[in-house]
């Protein structure tokens, strides 16, 4: 750490400087006025809750996103806001290892090294590539035992992640100067993760820079010389690592205390019925309960919900009394039928329930649609308009109606409030409450803390496992963050 | 995919031309009929006698009916979404026709059992296709393609080069007409109306459309997607069997190449008829327009003295340009 | 021994068993002329199979290979023979059309099945225009090349080996081949590294077209004349060949050596069935059955792999 401090002190040109950079997708501001410059030899730990803007920040740095406001300059060069930042980033030696594996599974390890290497000398390339990857693997993960000639698909997932990291550090025509590691240890076991952390320290000591994103507090404090905390698209803290404590970091990440504590105490003490659902991983729910699934995004919550739904429904027949219904959050992938009208989208789930025969009962369909149109306030004057004419929030209301119109006793909700305005959210919370009081059970995965605070009981997921079950007054943002982030020392 | 524009409401109905254009773009099948009509008129320039005009239309309706019957089946399959195409239609047609004609052995009392055999063969072929797709997890194109080899061999083996005539009354029916329309066209009409009802009125129709738009979303919305696929593939094969039966009765016997042209034809009429190749959106009237168009363009080119080469080329170019034009601008992410 | 080696084992075994069965039933086939006869049509089939492999490698499928090879054969038997300059010009233009088709399919996100199906009408129309009735004749050099009496092994064996080795080095060893297979394996990874996926796809289609041209020429060299329907079966044969040779429909998992072996197996299977005195009625069906059986056997293997 001490050496790193010295490097920061010297008057070098930063590898990258973000000057008030902002990125907005339509009305959503994913990154606001980010100012950050990274010097050689620094290891920047980046932490933040879901949707804080971590991946947006990273993508601006590696040039895949061009900021919509402010500027980015590589190696102190005059910045130009055009679409060639990805090339500039490559030429400045910025490389990324993404959370989702970005190797070609059908190629061998050494062939995957060739793909990011644009100007590779052709002569004897296989040999050179093999030795380059091997050298890098040896340097980062001693005793790795990976053959550079093996096909990636044949490797276990941990080996694949090691290969990906090694390729990012491997020598090329332009050497790696800033390597972005997004959750690099997610598939690695403790000892191998330690090797990586040791290598990161060595890399920084020799003048390289790292951006290190992790949910493991221990790792962050182990390697980072500086820590950047993101919240709601803004960099709220940017300071040397020794000025933080673990608890302080969690506090910084968390939201300010919610301004309205509207949750009635009575809902908390409500009695629930019998247990209606139990899964292998320990997830369970009682009748009339609102069960929350929390944790950082991508830690197995969505998979658990999908499994829960698919196990309880059939590919071959539709039931008049379905056991579960599903409310999708990723509307275009899991929910909306883009060619259909609002009404057809709304009634898809309940077709067999309201139709007596194999024909669609148009009258019943219209009644249901009209009922929900009023009940949930879908903003349209004609239910026969195409679903895509609605705003995202209203499309989401249609998906809610689709599920709630059913008689199913269990409702599964997969982060259903993405892109929904506050007013709608309040309405939906109220509706969920009243349905739960009538005896329906809700499984609710959400990436937003104030939604989880609405739940009666919360399961926190980390690495596809349940790490905490919170009840009543234990349901606080702090407890959730603690359970979502690995608070232990790295490798213990 | 083109439904977005189809459903956009016309803001100002008073503006005649744009209103008309709006109506047209909302109902893509109109284009197929317009094209068919234009081709018809262009042919009449050469044919010129009124008797010729009538008989041309009659012939067009007759020959279009076979394309329509198989096209409706193919439409259901294509509606299931990208990668879903039934390439075994020609082989199924041939096999169904061969076996049923052999069974009837020109005996007029056996017509109904013969029809049932044709439908049964279609059923069996569809089941086989679906079994390959489901159990062996073979992509539908390859599954139906390799199955079609087997069907074709079966047909060759059972046929042995013999050409058995259909029962006389059946042949008369197939070549005859009622109320000024060829009987084959009545069959096609019946099939089309049924298909339209299934798509528009029944729960199954909703499920097919939902599965085609987004299988994952459909499954999560409670649609039994496997049952839907099963029904569609079997239904398509049954229609192919029926088409083979009618075609063989019409043309005086089954022969081994009778189905060949319907592999491409069935897909062409679906695409030209305005059904979305991306799935979820099917269009029964369009198939009529497209089938008439495909026949009329052949007769137009013939009457202009242009040969098979130009006809095939044009057909190919039309299909490709319709697909390119109907595609969404830019690449889907 | 990785999964790629395992995958090539099945086609090698099936070819070996088939060959042994043929030799057992017809020992005289175990000679220079016997082999030449058995594998007579292997060269054009192998070339067409390589073409299909190029397309499958980038996650598409080409249903127009049969008609396109026929078209190339017709051009070879007419223009290339009479006016070589125009003939080669036409073939070169056809390759460009193919590459353009690949680019459009990618740029507009079109289903390759439908586009190639439409193009198959186009090519067969062109073929009919070029050669309305069966005929034409092979250029002399081509005829000489295809029927050359090479020492030890006939052309029908040597040529596929050469094709397999050359393509193996191009697809499996060269750095460009890596990118092409990468498009099939993980298109986004390729795009992220700044390569043009559209360019790579167009290139793959262009190479496929080149092999179709070669296939058509080889076919004319063997058959000495052409007609517009000469190679219609190649669409199916080429797909079957790639799959038989261990290739897969998606994911960029293809093997040029396997594809050539697959093509040889299919050619041999046809000869074998005639040795069995199986009526020719069943030959097409047998090809379909072989395809289904291979896919079924492969499913058993992949299931086992998945369990491990």
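For the reader, a short list of remarks on this structure follows.
By letter and in written order, the chains are A, B and C; residue numbering begins at 1 in each of them.
Just so we're on the same page, a contact is a pair of C-beta atoms (placed from the backbone, for glycine too) under 8 Å apart; a residue touches a chain by one contact, two chains touch by 3 or more.
What you are looking at is a predicted structure, and each value in this text was computed from that prediction instead of being measured.
Shown here, the protein chains touch in all possible pairs. Which two chains touch most often is answered by the contact tally, and the pair is B-C.
Seen from the C-alpha centroid of chain B, the farthest chain centroid is that of A. Centre-to-centre spacing of chain B and chain C amounts to 30 Å, using the average Cα coordinate of each chain.
Each chain gets one centre point, the mean of its Cα atoms, and the points for chain A and chain B are 46 Å apart. Residue ranges on chain C touching chain B, taken from their complex, read 61, 104, 106-111, 113-115, 117-129, 132, 236, 239-240, 243, 249, 279, 281-289, 291-292, 295-296, 299. Across the complex, chain C is touched by residues 64, 86-87, 90, 102-107, 111, 114-116, 118, 120, 122, 125-126, 149-151, 153-154 of chain A.
Of all residues in chain C, those touching chain A in their complex are 2-4, 173, 175, 178-179, 181-182, 184-186, 188-190, 192-195, 251-253. Every residue of chain B that touches chain A in the complex is listed here, in rising order: 3-4, 7, 9, 201-207, 209-210, 213-214, 216-227, 276, 280-281.
If you check the complex, the residues on chain B that touch chain C are 82-83, 85, 132, 136-139, 141-142, 145-150, 152-154, 156-157, 264, 267-268, 271, 277-278, 307-320, 323-324, 327-332.
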